[in-house]
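Naming follows writing order (A, B, C and D), and every chain is counted from residue 1.
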Amino acid sequence: MSAATSQRFIRSYGFDEIALVPSEITLDPEIVDISTTVAGIKLEIPIIGSAMDSVVSPKSAALMGKYGAAGVLNLEGVQTRYEEPEAILKEIASVSKSDYVTLMQRLYLEPVKEDLIVKRIKEIKASGAPVMVSATPVRATKYNEIAADSGADVFLVQSTVVSTQHRSANGAEPLDLAALCKSSKIPVMVGNSATKSVTMALLETGVQAVFVGIGPGAACTTRGVLGIGVPMASSVADAVEARDEFKLATGRYVPVIADGGIVNSGDICKALACGADAVMIGSPLARSEEAPGLGFHWGMATPNAVLPRGARVEVGTVASMKTILLGPSDSDDGSKNFAGAIRTCMATVGAENIQALHHTQVILAPSLRTEGKVYQQIQGLGMYK
Amino acid sequence: MSAATSQRFIRSYGFDEIALVPSEITLDPEIVDISTTVAGIKLEIPIIGSAMDSVVSPKSAALMGKYGAAGVLNLEGVQTRYEEPEAILKEIASVSKSDYVTLMQRLYLEPVKEDLIVKRIKEIKASGAPVMVSATPVRATKYNEIAADSGADVFLVQSTVVSTQHRSANGAEPLDLAALCKSSKIPVMVGNSATKSVTMALLETGVQAVFVGIGPGAACTTRGVLGIGVPMASSVADAVEARDEFKLATGRYVPVIADGGIVNSGDICKALACGADAVMIGSPLARSEEAPGLGFHWGMATPNAVLPRGARVEVGTVASMKTILLGPSDSDDGSKNFAGAIRTCMATVGAENIQALHHTQVILAPSLRTEGKVYQQIQGLGMYK
Amino acid sequence: MSAATSQRFIRSYGFDEIALVPSEITLDPEIVDISTTVAGIKLEIPIIGSAMDSVVSPKSAALMGKYGAAGVLNLEGVQTRYEEPEAILKEIASVSKSDYVTLMQRLYLEPVKEDLIVKRIKEIKASGAPVMVSATPVRATKYNEIAADSGADVFLVQSTVVSTQHRSANGAEPLDLAALCKSSKIPVMVGNSATKSVTMALLETGVQAVFVGIGPGAACTTRGVLGIGVPMASSVADAVEARDEFKLATGRYVPVIADGGIVNSGDICKALACGADAVMIGSPLARSEEAPGLGFHWGMATPNAVLPRGARVEVGTVASMKTILLGPSDSDDGSKNFAGAIRTCMATVGAENIQALHHTQVILAPSLRTEGKVYQQIQGLGMYK
Amino acid sequence: MSAATSQRFIRSYGFDEIALVPSEITLDPEIVDISTTVAGIKLEIPIIGSAMDSVVSPKSAALMGKYGAAGVLNLEGVQTRYEEPEAILKEIASVSKSDYVTLMQRLYLEPVKEDLIVKRIKEIKASGAPVMVSATPVRATKYNEIAADSGADVFLVQSTVVSTQHRSANGAEPLDLAALCKSSKIPVMVGNSATKSVTMALLETGVQAVFVGIGPGAACTTRGVLGIGVPMASSVADAVEARDEFKLATGRYVPVIADGGIVNSGDICKALACGADAVMIGSPLARSEEAPGLGFHWGMATPNAVLPRGARVEVGTVASMKTILLGPSDSDDGSKNFAGAIRTCMATVGAENIQALHHTQVILAPSLRTEGKVYQQIQGLGMYK
C-alpha cells in the first residue's frame, strides 16, 4: 500500500484491549468523589441508562435517579406508542427468536402519541429523578417543545450516527442543531459521534453534552450489516481531544458521554479513564430486576422495516437496580456495585475525582491472561484438569 | 531479521479487521446512488455473482440481472458439461463429505460441449439480464469467440491467480491477453490479481475490469494447500492504487472488483470503501432459494484431479434472491437486503455515490467486541448467565 | 488520536506473548546455579508461595522451606482468624459456586487474633523453614512488631496496589513505609507495584524487596471489576529498570519478585528472563497435595464485603509439593519439577545463574502454534481427524 | 519500558501468521523444478522425515527415499535399543494417556546397541534410499564413526537446542563440532538453531547443513515447560540471512532446513519461501500408513527421566506415504500430495526453482478469514445455520 492508503488505515482500540495503571498515589475510597455534571444535572454516579425500551421506563428511570444516576427515556419507543407498554414488553420477551424481528417491525408501526409523551415525562418528574428524554433528529424539534413544556430537564437528540450536515431526499430542511440549541428551553445533548472532527462540529452548535460511540453495543449489529463501527477506547479518546480543544478555544467545558460497548464495571472505569465524563450503559442495567426488558435487551434499530439491525440478547436478571448501582456485591464479575467499583478504581489509581481519573495511565494489554474472567473461561480448554 | 528481510514481511489486513468511520455529513438513503458501471454494463447494484456452479446458472443469472446485479456463468462448469445439470447439482448436494472430492474429480472429467455454451448464453440473453461469462486462460481465446457470437455481453478470463507473463511446459503460446482484448468483440475482464503490480500489468493489456482477491473465499483452501493468499482489504486497496495511477497516466478508469472473502453486507460496504467499484460474491448468493447449489457452496478448484482445493460448505438457504439483493430484511445479521445495506451505509458515512464512498475513513479495528455478531457468539462462554 | 493521547496508550505484554531465545552457549544443567537471595534469605529455588489461604499454611510453608523455596503466611487469613482453620478450609472447598462469595464475606468477619499470629509463626519457625509473613498496609506497623518478636524472618507489606503516598479518609496517618523499614527488626518487603515509577518510589523507602504484578493472577478479577491491570512481562521489565537504575545510583541491589500470572514452569523461566530475581506463585502450588486449599484456589480480595474480587478456581491436585518443586516429573505440561525446568531452561540458553538469565534474548511470539500445549488444545477444532 | 528493554522484545512470526503473494509471472507446474540438494544428497522433493520414532524406521526411510525425499533415523530411539521395535511401538500406541510418560521413561532406559545401529543402517542402505542418521552431541563422535563405516551417507548432530560453546558439568570435553566435521568420513549436519547468530557460528564449524527451529512442533511442549521457543517464519528468515552472508564471505552455500511447526503443504511452501532449502517434517508423515507411529506421534524429549517434554498426539492415518508425498490427493486440506502442492505453489508465484521461491513476497496476514480451513472451523459458532 502507498503511504496515502496506509494513512487511511488507522489502528483503533476497544475497551477489551486496554487497562489502567496505578501511580505513586493511592486514596481511601471514602475520599473519592465520583460525581459528575451532565448538561447542568449533577449525578452522584456518572452513569446514564440508555434510551432503549429494555432499559428505561418511567419506573426504572425513577430508580436510577433515586440512586444517583439517571435514565434517558426514548420518546419514540414502546412507552410513547402504547398506553399499556407492559403487555408489549412481555410479548417481546416471550417471542421466539425466529419471529422476533417480524414482531418488532409490526409493534413499531403503532404511531407515537403526544399525550403519552407528556404522561411519561410527568411520571418520571413525579419521582424527583432527573428527566432526560431522547428523540431522533427528524422529530427532535417537535418533541423538544413538548418535552420541555411537560417538565423534562434535558433533551437528547440521538441517532445511530449523527452529523452536522444532513441532506434529505425530499428537499425538506434537515434538523438545524444550532437553532434547536438556541430555541430549546432545556439543555440539548446530542449523539452519537465517533470521531474528533464530528465531535468538534457538534460542540460548535452549542450542545451541552456529546454522546460518543457507534456500533459497539451488545445489542448492535451495525458493523456486520453496514461495515460501520469504531472501537470505544479510541472513539472516546478522540472525542475527548475535541472537548479539550473546544474548552481551550471557548472556555466552555462540554461533557463527553461514552455510550456503548460497556459490559462490566471495569469497562466503566476504563471509559472514564479514557476521558469520558459519564457513561451511558444499556445491557448492564437491563439485567436489573426492575428493567422493563424482563431479562432481555435489544437495540432500537431492530424495528427498521427494511434493514433491521440490533439483536435481542437474553441478558438475564442478576440483582436489583440498587445493588447493581450501589452494591453491596456478592459476585466477582463486575456486574454489581458500579459506584463501589468506580470509587475503588479511583482510589487505587490515586484519582480523587473524575477529572483526575482522566489523567491515569492507560496501556494496551490485549493479553488474555491478564483478564481474570477470560482466564477462567478458557479453563474448559483443559488448563486445569 | 535484517531490514531487507523485514521489508519482505509486510502487514496486510482482512475485512474482519477493518471498519468504516462516519464523517460530518449524513444523507437520506433515498438520495444515495449505489449504481456502478463494469466493462460498459451499468449495474443498479454493485454486485456480481461468482462464476461458480453453486451460484450462477442461467436461471439465477437472470434473476440477478432482474434485480439490478449480474452473474457470471462459468463456461467450464457443470452447465456446459451436462445437458441436464440439475441432476448433477443434486448429486453434489447429497454426496457424503468423505466421497465429495472423488465425486467432483469424476464429474469434471466430462468434457465441456460448445453447443451447451451457446445454449446457456442464449438462455441468459433471453431473460434480458447482462450476459457475463468466464473461462480459464487456456481456453479463453476459443470460448471468447463462441461467447461473443452467441450474444454474451462481457467475457471474464479467470484463474485462481492470473499473470501477464505465463510460461507453459510444452512451449505452447500462453494466452496473449493484450491480443485477446484487441480481437474480442466484447469487453474482456480479467482476474484474479492480489497486488498493485500485477493489477497495473493487467491494466496495461487493455482489459476493462480487474477482479481482485486470491485465497480468502469461504470455499477456498488455497492458503492451507499452497501457502498463498492475501487478505482482502489490503488486496483491494493495493489494486485500487494501480487503478488510480493508471487513470492519471492514461485517462482511462478501469473498475476494480473485489472478489472473495465477503460474508455479509458489512463486508460489501467495506470492500467498496476500500476502493472497489463492485464486489463479486459467492456464498452469500449461494444461500438464495434459487441458487443452483441447493444450500451448498463449493470452490471451482475442487475438481483438480491431483491437488484438489476448495471445500464444499453447507451454507443453507435463507431467502429468495430478491430478498437477499433488495430486501426487505427480517433478520439482523447482514445476510439480506444488500442494496439497502449499501445505501444505508453510504447515507450514514455521507457518500452520495460509490466514488465518494472510496474516500471514507477506514480504521483497523480487530477488537472482538465491536462486531455485534461476534459479541453474541461468545456469549456461550458465559458472559451472560 | 493526537500524539499526546497516543502516548498514553502504550503496548504492554503478558507472559503468554513472549518466549526465550537460546544463544551460542549451552551448559550442562548440573553447573547451573538457580539459587537467589531475597531480603537476606538465600533460597535454593527462586520460588515463593503466595500469601493466600489456599497456598500457604504453616505446614505447606514448612515443606516449601524444606525443598529450597519459601512461603509467605498471610497474617490476615484464616490461619490467624481461626484456631482450627482446617474445618474452615474444608467448608470453602465444599461450598457451592453460588454461595461462595457470601460464605467468604461471612468467614472473614471473624477477627484476627494476635495470639494466633504468634502461634502460626512459631509453627513455621519450628520447621526450620524461612518465616515470611505478610499484612496489609493498615495493620503493617502493628503486626510487624508481633511478627518480629515471634521469630519471623521477613515481613511483607502487601495490598493489591501499593503506593508511597496514601491519603486516608479520616485523617488517619497512612503507613509510613520508610519509618517502618527503619523501625522493623526484620527486613521489610513490599508489593504490589506494576510500574517503574512506583517501584522506584518504593525502593527509595528502604524496602529490601519489591513484589511486582497487579491483576493477572488466576484467581484475580481486578481487571474486570476495576479496569486495572498490567500484563506481567512488561510489568516485570519496567520494575527491573527501576531496580537497575537504583543500583547504579545507590549501590544497593534490591530484588524484584514477579507475582501473579504464572501458570507453568515456562512462565517462571520467562519471569526470571524478564529480570525477576524470584517469582511468587499461587495456583501452581495450590495444586500440591499438601496445599491448604484442598484442590481449590481463591483470591484474597474475595471477602471484601461490598466489592468482592477474585474467584475460586478448582485447580485440582496434581502431585506432592516435593514433586512440583523438585521433580521428577511424569507429565509434560510444565506443572511439575519447577527447579528442573528452571535449571534446564538456563542450561539451554547458556545462563549459569539468574543474573545471567536476565540478559537472555526475549521475543514477542504470540503465534498460537509455537506453544505446544495450545496446539493440542485446538485439535478439537478438527486439525487432526 | 526503556529503549534498551524494548529492544530485547522483538516481534517474531509463525507460519500461521504469513502468506505468499503471487507476482506478474506464472508458470506451468510441469516446468517447475522442486528438487534440492542437502549435504551433497540431491532430493527430488525438498522434504526430510524427522528423526523421531513415530516417523522414521528403516522401512519408512526406504519409502521416503523411493519417492524422492529422505528420512533421518534417530540412532538413539527404539530402533537401536530393541531388536524387535514393532512390539515396542505397538505398546506406545496403545498405552493410556495417563501412563504414557511413565512408559516412555521406562522404555528408554534400555541401552542403545551398536550392532543395531549397524543393522538399521544396512537395512536402509539396502533399499537404495539416502541413509541419513542422527545422534545427540554427547554421542555424536562415537556414533558418527560407526554410522560412516556402516554405510550412512550423512550424519546429523541434533539436540533441542544446539550451541557452539557447551560447558559440561564434569569437566568432560564438549563435542568439538569443527573437529567432527573434519574427521567425519561423511558430511555432518547440525541442529537445531533458532537465530542468525547461532546459525552463523554453526556454519563456521564446517557443517554442511543447519536445521532451524526450536519449540514449535506438534509434539513439542518446550515452550510451556522451559519458556523457550521461536516462531518458525522468523527463525527461518534469520538463519537464511546467516546462510547468505556466509555465502558472500566464503563462497560456500550451506543449506538451511526448516524443522518443526509444519502442519500442511501450505506450511511447507511458506518455509521454502522464507528461504529454507528443504523442510524436515514429523507429524504430516506420521499420518502415513507406513509410519512406525501407528497413527500416533510423539516428541523425543518425552523419555527424559526428570523433566519430560513433548506429548503424544493421535494424528491418525490418512493415506499411504506415496500419496502424501506424490499424490494424487483426494482431499482439500493440504495433507496429501506435498510435491504437487509445492510445484503448484511455485508455478503460481512464478518461481521455477527453490532459489527463485526464496525471493517471493511474503506478507503478514493473521486474519482468520483468509485461511479457508479455519473459516470452516468457526462455522460451528453459527456463521452458517
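One rule holds in what follows: contacts are C-beta pairs under 8 Å (C-beta built on N, C-alpha and C of every residue); 3 or more make two chains touch, one makes a residue touch a chain.
All figures in this text were calculated on a predicted structure; none of them were measured in a lab.
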Going by the contact rule set out at the top, which chains touch both subunit A and subunit B?
none
Suppose you list every residue number at the subunit C-subunit D interface; are over half of them used by both chains (same) or under half (different)?
different
So, what's the distance in Å between the C-alpha centres of subunit D and subunit A?
54
Whole-Å distance, C-alpha centre of subunit A to that of subunit C, is 38
In subunit A, residues with contacts to at least two other chains:
13, 234
Take each protein chain as a node, join two nodes whenever their chains touch, and name the resulting shape: line, ring, star, complete or other.
ring
Where do chains touch, given as pairs?
A-B, A-C, B-D, C-D
Can you list the residues on subunit B that touch subunit D in the complex?
1-2, 5, 8-17, 101-102, 105, 160-170, 194-195, 197-198, 201, 214-232, 234, 261, 263, 302, 305-311, 313-316, 377
Residue ranges of subunit B touching subunit A (in the complex, touch as defined)
13, 18-31, 233-234, 237-238, 240-241, 264-270, 273, 327-334, 337, 340-341, 344-345, 348-350, 352, 361-365, 367-373, 375-376, 379, 381-385
